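Once you scroll down, you'll see the structures, which are given as structure tokens.
What follows is a pair of complexes built around chain A, which joins chain B in one and chain C in the other.
Up next is the complex of A and B:
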């Protein structure tokens, strides 16, 4: 019997969006060119080779190892790429994604990734070209609204702050700005000015963000109304607690 | 009920976010606004930052070496790209403070709270008296005890007894050092000179006094506080050594003993080991701390050090909130923030829990909810408690958490005030955990509510704290109810060094509150150790342990007068 992953409980749009983020079945909304992505990440100059930390695996004469034989290396690992990161900040004012669901998306759908989940940011470290594949995916799809989410390496505060008057999430380094109705990137991940204005496209409308978001909010989809999610949180809590207390009662 | 309720944080957040402070241009708007103008005024908008900037410049010029310069922040983009706003000390609405002044380095009251704990030990008198009476045939009477205490109050600060031609400490530098005694023996207490006695009957409500005297029985204990200046120069382990040395010398002087006779060793052993109670246990080698350092102060001990349970016993939530304040400051700002990590940024983990009444609002809402649904179970009492069960924990923790989460959603300024997920998780879980304790009178039930709250936050907002923060809260439920060695402990006996909590930023003040809430809710006189509760029931201590949060506010306002100052022996400025 083929198992079909259910990913997440719940009957609301937020729960459905969470299932989409986890499954990777998300809608593509925009195109970001490879060069533009490279510029805003700021890890290397567009058009240059990926810096490497070791020769390609094929040239290394690796020792005999059953694990190595079983696990196909990612493209970045094969080439010997260095480890680099991408880090997203998602506003709590209905940004489409949230840190845990970015991490689930990365861990379920991409190989060789190391997601880190915080409250205000979510980082993925991986071989550089593997990381770029994930970054491009998350940036181009409904997981990201360019006004309510932002790529930030340092000075990341913003996820919990009130929005600017123009609806853009606050950023002390002003890495992006709203210009003629579209979001323009003017600084890279750590706030270094970039030579080219990178256009990330139009922000989502308030209605669209509310429809696509994965955060429960009392002014959109209230958490307390998604009874099935609460029931499952309770179930997990009760089982973890009871298992630790008295394993014998667990079925 | 939740929608109609007037929020306790409303006034504070209006003052903080819709009134101008310094030149931050925050006049106007509403605390429910989701969009605001950002003026990016930098540090110059804030009076304290301006003061610090000016002083930093003067220091650099004077010493010819660069120093504090806020323009070093992010390549010349300083703090203050959003408004820098003051905070209000929870439970003390008139106390508006600069956030910088809640860093313990900038706050003399916070330093003194820790000084007063670290420099304190409790030493039993009964073993010494038995040695004197049974071994040496020396009669011990209330009169001899009074005389001994007079000698010890000369010797403990560093005055010489027994030996001749000794150097001594200057009394003006050690005037905060003293010893008092307490006992459950009413007859003995009556005979002790008032100046030396912590009178349990006077310090505690009658019901609590009876509990304490019953627990202490006819034993007698010395509450010793060595000089702040000594404790700061050495470490927590010095407290019992210094105390034992002066106690030994004082026995010799007061009872006319031979300085070298073998019985002195028995007195020393009793004072240093057999009859001594530290405020904190010694830590294992990997953390390398002596007794009486913060990592060894169990949550139960801290709950007993804080004295609100005797000054406001009818309001168990208030008792709980004062322990939160004390615990967040000690464990997060000083222990994890400095001893363990070396960082300077831990302050705001803590202040979230004791400023602007956001936690207070959540907990008092919980009290109303519990009292409505469980027939007054959150009021002080024993017979009114609800029997702990998984259903009760789930119900209380869920309602508490949903209410708190919804506040962040309805009041964007509350979310902005608690701008980090760890702050929100600490506050929400402290509320849920304490509510669980208040309702059941069982701290482990409260702890269970804490862990459910963490799960609920994570699923609701899709985020919790940071990697290490979340880890501990994902696995904690599994050992909540285990008392087996290496698996768990009664909550009162857990502390910062409990395995799962050793680097548990933002949690430990809440944990201490859970211990306090269970017992304050029952109306118990103490949470874990009656001796510690009585020891700190003493107005002579520089720090007022009945209202830690107000003391922090006084420290921030530069109104608190600490001990251990050195102005006597340094050039006047």
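Up next is the complex of A and C:
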């Protein structure tokens, strides 16, 4: 029988959601068109070709290399796309994902991506079309609630603040706004107004966000209730300390 | 036996901490009701700043036009609100007003809130205050403004005595 990765221990809903995010088996909740995504990201004008930094690999004539023969280049690398970034910010108030789990999701399920994990934001650098594929996946699925997560290139500090009265994560540049019950994007990643407003759909209710979150919280699923996770975290820390990441020494 | 400020007739300080950041119209309603009470000596609002322009990044200098950065009215005083209000600190002449403040908060705030008693506004000059304002600074203004800024830009007097 083929080995099936388990990804994360634990029996709580949070642990289950963490497994979902890591494995990429997440529910698709909304549809965002390619043009809308391009507008939000603001790296190029919608409908235009991807600018490139080098000719397509097929035309370049690559040097003889066993690694190049073994590894299939991604679509972006094949076409010679520029490296561009996408950055997500997730609220600490039951946002569905967190920087760590966005990074796990990117690194496990996508090729040619360079995830960067920070306390309040998570950035992925990749060839432009590869980055867009990942951004679209994370934006369309249950990994993102439009009110509790946001695409932000600068000024991310709202993630750690209380939510606004209307339940939207604070943003001093007001890139998204709650209008008639749906979240409307009106500025791109860095705060430039965009020509067309993009509708990201309804935000999750408090109950749904609490159900889909990957964050342990005392007022939702407390970390210490997940005995299996605690046991494994203790085991890893103990072995790291005692055996310096060499569990084989233990035996 | 120790005596706290609430046991004596010294002013006490309380902090109203809502579970959500509150909108300007809610702030206006809340503070108007609170200001109508007798015994409120000083009020201090705090929250994240709402800039007029993008402060950094590739879009630096682009106007933000944040709808929550607006003018609010307290009685006849108009005040430009440059922050999204996250907490309100009040200095009270007596502890008895707290009950009324609690009722006002329950009526006005759309979310849960905590009210804590403690020391939230400084009562003595810091070195920076002293260097900026000198020894004759008004003690009522301690802690209500940033020493680097002008008092008028950060402090509003709602009730002023005409003789003064």
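As a convention for this text, the second predicted complex is superposed on the first by the 245 of 251 C-alpha atoms of A that agree within 3 Å, B and C clash if a C-alpha of one lies under 4 Å from a C-alpha of the other, contacts with A are read in each partner's own complex, and residues count from 1 in each chain.
Rule of thumb we're sticking to: a contact is a pair of C-beta atoms (placed from the backbone, for glycine too) under 8 Å apart; a residue touches a chain by one contact, two chains touch by 3 or more.
Worth saying up front: this structure is predicted, and the values here are computed from it rather than measured.
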item	value
Fit-or-clash call for chain B and chain C when the two complexes are aligned on chain A	clash
Touched partner set for A:88, first chain B, second chain C, both or neither	neither
First (chain B), second (chain C), both or neither touched by A:110	neither
First, second, both or neither for A:219, with chain B first and chain C second	first
Which superposed partner A:191 touches (first chain B, second chain C, both, neither)	both
First (chain B), second (chain C), both or neither touched by A:161	both
Contacts of A:137 with chain B and chain C, given as first, second, both or neither	neither
If touched residues of chain A are counted for chain B and for chain C, the larger one	B
Touched partner set for A:173, first chain B, second chain C, both or neither	both
Contacts of A:153 with chain B and chain C, given as first, second, both or neither	second
Common interface positions of chain A, toward chain B and toward chain C	154-155, 157, 161-165, 167, 170, 172-173, 191
Chain B-facing residues of chain A, complex	18, 92-93, 97-101, 116-120, 154-155, 157, 159-165, 167, 170, 172-173, 191, 214-219, 222-224, 229-230, 233-234, 236-238, 240-245
Parts of chain C lying in touch with chain A, wherever the complex brings them together	18-23, 26, 48-51, 54-59, 62, 64-68, 84, 86, 110-111
Residue ranges of chain B touching chain A (in the complex, touch as defined)	33-38, 74-75, 77, 81-82, 390, 394, 398, 402, 405-406, 408-410, 412-413, 415-416, 418-422, 424-425, 448, 451-452, 455-456, 458-467, 470, 477-482, 487-488
Residues on chain A engaged by chain C in the complex (per definition of touch)	153-155, 157-158, 161-167, 170, 172-174, 177, 190-193
